[in-house]
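Naming follows writing order (A, B, C and D), and every chain is counted from residue 1.
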Amino acid sequence: MENAVKIGVIGCGSVAMGAYLPLVQRLQLQRYPLELVYACDLDASKAAAAQEKFDIKRTTTDFEEVLASDEVDLVLVLTAMQAHGRVARAALEAGKHVLVEKPMSMDLEEAAEIVRISETSKGFLLCAPHVILSETFQEMWRRVHAGDIGQVHLARAFYGWAGPFWGRWYYLPGGGPLFDLGVYNVTSLTGLLGPARRVMAMSGIAIPRREVDGELIDVQTEDNFQILIDFGEATFAVVTTGFTIQRYRVPGIELYGTEGTIQMIGEDWNPQGYELWRNADGCWRVYEQRSLWHWTDGLRHLVECILENRTPIIRPQHAYHVLEIMVKAMESGRDGTAKEIESSFEPPRFDLEHETVAAHLRHDPTREE
Amino acid sequence: MENAVKIGVIGCGSVAMGAYLPLVQRLQLQRYPLELVYACDLDASKAAAAQEKFDIKRTTTDFEEVLASDEVDLVLVLTAMQAHGRVARAALEAGKHVLVEKPMSMDLEEAAEIVRISETSKGFLLCAPHVILSETFQEMWRRVHAGDIGQVHLARAFYGWAGPFWGRWYYLPGGGPLFDLGVYNVTSLTGLLGPARRVMAMSGIAIPRREVDGELIDVQTEDNFQILIDFGEATFAVVTTGFTIQRYRVPGIELYGTEGTIQMIGEDWNPQGYELWRNADGCWRVYEQRSLWHWTDGLRHLVECILENRTPIIRPQHAYHVLEIMVKAMESGRDGTAKEIESSFEPPRFDLEHETVAAHLRHDPTREE
Amino acid sequence: MENAVKIGVIGCGSVAMGAYLPLVQRLQLQRYPLELVYACDLDASKAAAAQEKFDIKRTTTDFEEVLASDEVDLVLVLTAMQAHGRVARAALEAGKHVLVEKPMSMDLEEAAEIVRISETSKGFLLCAPHVILSETFQEMWRRVHAGDIGQVHLARAFYGWAGPFWGRWYYLPGGGPLFDLGVYNVTSLTGLLGPARRVMAMSGIAIPRREVDGELIDVQTEDNFQILIDFGEATFAVVTTGFTIQRYRVPGIELYGTEGTIQMIGEDWNPQGYELWRNADGCWRVYEQRSLWHWTDGLRHLVECILENRTPIIRPQHAYHVLEIMVKAMESGRDGTAKEIESSFEPPRFDLEHETVAAHLRHDPTREE
Amino acid sequence: MENAVKIGVIGCGSVAMGAYLPLVQRLQLQRYPLELVYACDLDASKAAAAQEKFDIKRTTTDFEEVLASDEVDLVLVLTAMQAHGRVARAALEAGKHVLVEKPMSMDLEEAAEIVRISETSKGFLLCAPHVILSETFQEMWRRVHAGDIGQVHLARAFYGWAGPFWGRWYYLPGGGPLFDLGVYNVTSLTGLLGPARRVMAMSGIAIPRREVDGELIDVQTEDNFQILIDFGEATFAVVTTGFTIQRYRVPGIELYGTEGTIQMIGEDWNPQGYELWRNADGCWRVYEQRSLWHWTDGLRHLVECILENRTPIIRPQHAYHVLEIMVKAMESGRDGTAKEIESSFEPPRFDLEHETVAAHLRHDPTREE
């Protein structure tokens, strides 16, 4: 394809194989001009498996080769968390567009440097999670910013599971549920409420030994968190996250305001609509959205931005702010004192109401348009 | 009635008129030997209204008169929160049985003194909230202590509303939602998980001016809280409470363990059963209990203990521990550092399974037995 | 009491002991002028038990004695279903006010005669069920009649359980779940949609032998029903009822219109609010009403009507129409053909919106006003 | 591809474009050997649009050309309902494998003839709906047949919506919601409970004029149904269906037995698990299955059967039985008498429990394996 966006995938684990590469296929079926030119993994057999399943042109075990290639426009950084920062930075410096899975880095200085580079780089930098792109998030944002629930003063967010039984790095420093899961909650809360001022946390290693990839390992980073976030003006949120949670039946996000309440149906990585209480209504309104949004959707957005040469609405400064909150929460969890948040960011806006088909006429949500 | 328990009510506001006195009536209809001998309120018209509506023998505006009366066996302390400690202590010292609404005191030293006195007093001391008496609480306790959800590592509790539009003292120091509402959550969590070790909080005045009893007043105590509680062994709970919440659709109590999850249906002051996930089941089990338990139920329990001369299962030491958590949470909310909890208590046990009618044969839960 | 309404209770089984007599007590506590003067049951020990528990002046085993007594103003007919018609008719003819539990009779001719008598009798006749008095029913009526869901064309109603394990007469001709349970559904549907035109049914004896009052008996009337009701203009309802249902999680009443849907939360004998979909809203609105309405509430209404000398809004003609539908459904279930409904009635109206406290300010629904 | 199954699509409307052809694409991505060789539609522009979007080899407006082609192995009959029978029969006679959307025919004689032909034809005949292939259906079947809810005596099924605003034939004789939607319910109920004995119905035209494809048309077939089905032994089901339903929040399928209840979460054309009450448990068990099953899944099954030369588990005799129930329900709706069902079929069995990953380890149901 002449003008196709040419993609190099770095990291061919479950995130690539089960999520991003299938999305590339779906986008190709929808006639997005995309080509897969590199599958890169430290483990050559994983790169080969990706090549075989998704018809990828080349493989390598050396990510520098991908960055050096003229054939590559866009790099997907899907490695172990601990390598994200280094690879993302190098890819930006090599002039590529970059999508980096969360977290963008484990280190605030490195992250700040990456953000700085992105401000003048040739390529766009898009940092996961992409939650602000979901229809549900944007509808909730509009409700909150239209004043439907008044001034928000309390919020809760929740995301956890039993923890991966693969990928040893999840349990090493730089891994853990906060960077892997809680990052969604922190992104959603700051997306809805704006920059945070202060953070406090309790954290610990709840399950010191786990079986991972068939071996019993020692867990070396916190797997269990309760985090308080102060948004100023007596507005306080809590994020509960852990690899210590088997199942839950609670909203992913809850916001309590002076005139009402809004909460997500489902979770912020897979939202299904929202529920709204307004005192003036005197009832709950339940808006179900069996949306086809997927947590990899940032890739579609980035590709569209590349093709149309417009700036992505997911900003690196937001990702940095989220990272600062998480890093400071880890510190607070260790020393028991509140931490100030120094960074800020300009929250994205979603003011315009978009046109939709009336809900009762969308009979079969599985049907493609 | 010869051997009736004779009751003096101190404080004839909405808690007496709308809850405890109607309970006395219901108990009388059920042939509990109870007599109402004193209605006491600083406002003589309120005492008179109680007398009129509930056929109470005498009224007074002086609580000392109630305590001095030989006619009184049991004193209900239902005053403004700020007076609880003083009245409860004096009543105990006067040899009365005492039921005191929450909190038992605003002050840790006074509370400790009250607990000490209760250890040798002639009368029993029973401190609200009475949540551990509910069928739902006790079933949840049994599930947790039978190991149904494994080792608990995360918990959440929630209780709030828009706040009273009567009773100025709710918004003065010593009032506020933590002592009024959050106290339920802290009692439930410690009842289920045992003594706490540490607490951390964010708190503030979210709504500085309110209309109360028809007047606009300045709020002088925190009306908004997020509180973290450390139970040791990387087990962390959050309590969210405030007069800043319009409505909610979340469980009052959630516990997350290594083998499953249990959460209340409804709230701990008005529970309706529980939901249980066990990994071994692979499903949610929903136990609905349209119970007739009421949050005033401690009075029934106390009367039975008096009549049968046995010790109430709600212990003053538990109430003190809860108070220490709340007082320290207020401190932490002000200085941003974690606080150690010094007290402990022996949690009540509910090991015995009781006989019940199969659920599908309880057709009409409103029908009296 | 000078002007008290003096009550004679005929039938002292579980409906009297567990429901109506406790209601009389509650009403007395609320200062309704009520006196219990007769407890009547064929079984003298049951009459004595009622007398003992509820302080009733006299007992008898002969209902004629109650009807002949000058002391009695109001007769509660709470006997086995098969005796309702005879006792109710005699009570009306004796000049008493009459509350008769459902069904008013087993026989259309007798029922027609009772209605005719009630038109000129000295006393009022009030026939259970009293469902149209519930706040939820009236709110649903207003929604439907305001056109909120457009023209209704489909409806479903549901009420069943495992069946009584006491009271042999439930399983004799004239008993069964349609007269005992389904009668609520048929009353609600006709209350909401108006008079029916036609009925069709399938019915049978699903469980031919049952243990009742400790003995194994042969079931001699249908215990299982699916009933279709035609309201004209292509509007069709189904009523599902049986002593063949262990548990359910579905709305008691569902109405589907051309502009939306409304359905009850809970069941029509114990409603908890409603859910409303309007195409114009594009969301479900959930109105929860933890109401204190009870299925015996017709007694309160009848007492108020007697005291204020106004006509009850529950009309005998409505009860007759419901009875015709049930009797014809039994016939249709036996011969497999549709039956025309000949009677009609003037449905009650509930046009006026009443004043209420905003829902978020009703914090404690258990608290008495 | 050498051994590919070569597909001819007859009818290129929304069912082909929005559902079956996207499924073919997904199957191709999963390496199923499939080729699309013919797009056929009376409207040449629709055939061309399908060709363009799904890379189909040829187009035609003459379905006979497809049947005559040696290149075609499998014919998808996705035309207007009224043409299904004629095309399906001709395709079978031409030696093709046939997947026919519901209903297989509008006429019992034609349908019986098609079934007879299929018994000796070279190709397989697979009739939609394919609901018995869903994981939820099969789990419910296993529960019922393991006796988990005892003997079933009552059932309800529900499926409706506002009705198509395209496709005039939906509102002509042979169209309507029973053949389009209710067919799912009738298939599920007979799949779970076995052959039916008798049927009764109310039906009518509720909305006589509709806007379809931008024009106001006269509706010429019933758009509103309540149908009773007798399964023998006092077991009765109701099916509620119509183009008269805007939205609903009820289970698609409910079964009530002597020991418990089972009901679907979601609807039978898009099930999401099930809820189970067993008296012995005393609780609801909620099994959520966010399955990736789709209502077009019969095509995957048929392709696998063709490739492996084994008989499909969806049997033409079942489809015929379902058709007889529907045709007789239409007759009963018109004359108000019960109709006997003459046909029977051997219900499919799903005895073997299959291996699954524990639910709490299936963290991301959107992730591809």
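By definition in this document, contacts are C-beta pairs under 8 Å (C-beta built on N, C-alpha and C of every residue); 3 or more make two chains touch, one makes a residue touch a chain.
It should be emphasised that the depicted structure is a prediction, and the values quoted were computed from it without experimental measurement.
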Show which chains lie in contact with chain A and also with chain D. B, C
Count the C-beta contact pairs for C-D and for B-C, then tell me which is higher. C-D
Provide the C-alpha centroid distance between chain B and chain D, rounded to the nearest whole angstrom. 56
Need the CA-centroid distance for the pair chain B / chain C, whole Å please. 39
What are the residue numbers in chain D that touch two or more other chains? 162, 246-247, 277, 279, 284, 359-360
Which word fits the touch map of the chains here: line, ring, star, complete or other? complete
What residues of chain A sit close enough to touch chain B in their complex? 149, 151, 153-154, 156, 158, 160, 162, 198, 200-207, 224-226, 228, 230, 233-238, 240, 242, 244-251, 254, 256-261, 263, 275, 277, 279, 284, 336-338
In their shared complex, chain B is touched by residues of chain C numbered 14, 17-19, 22, 25, 29, 161-162, 165, 246-247, 270, 294-295, 359-361, 363-364, 366-369
Mind listing the chain A positions that touch chain C in their complex? 276-277, 279, 281-288, 358-360
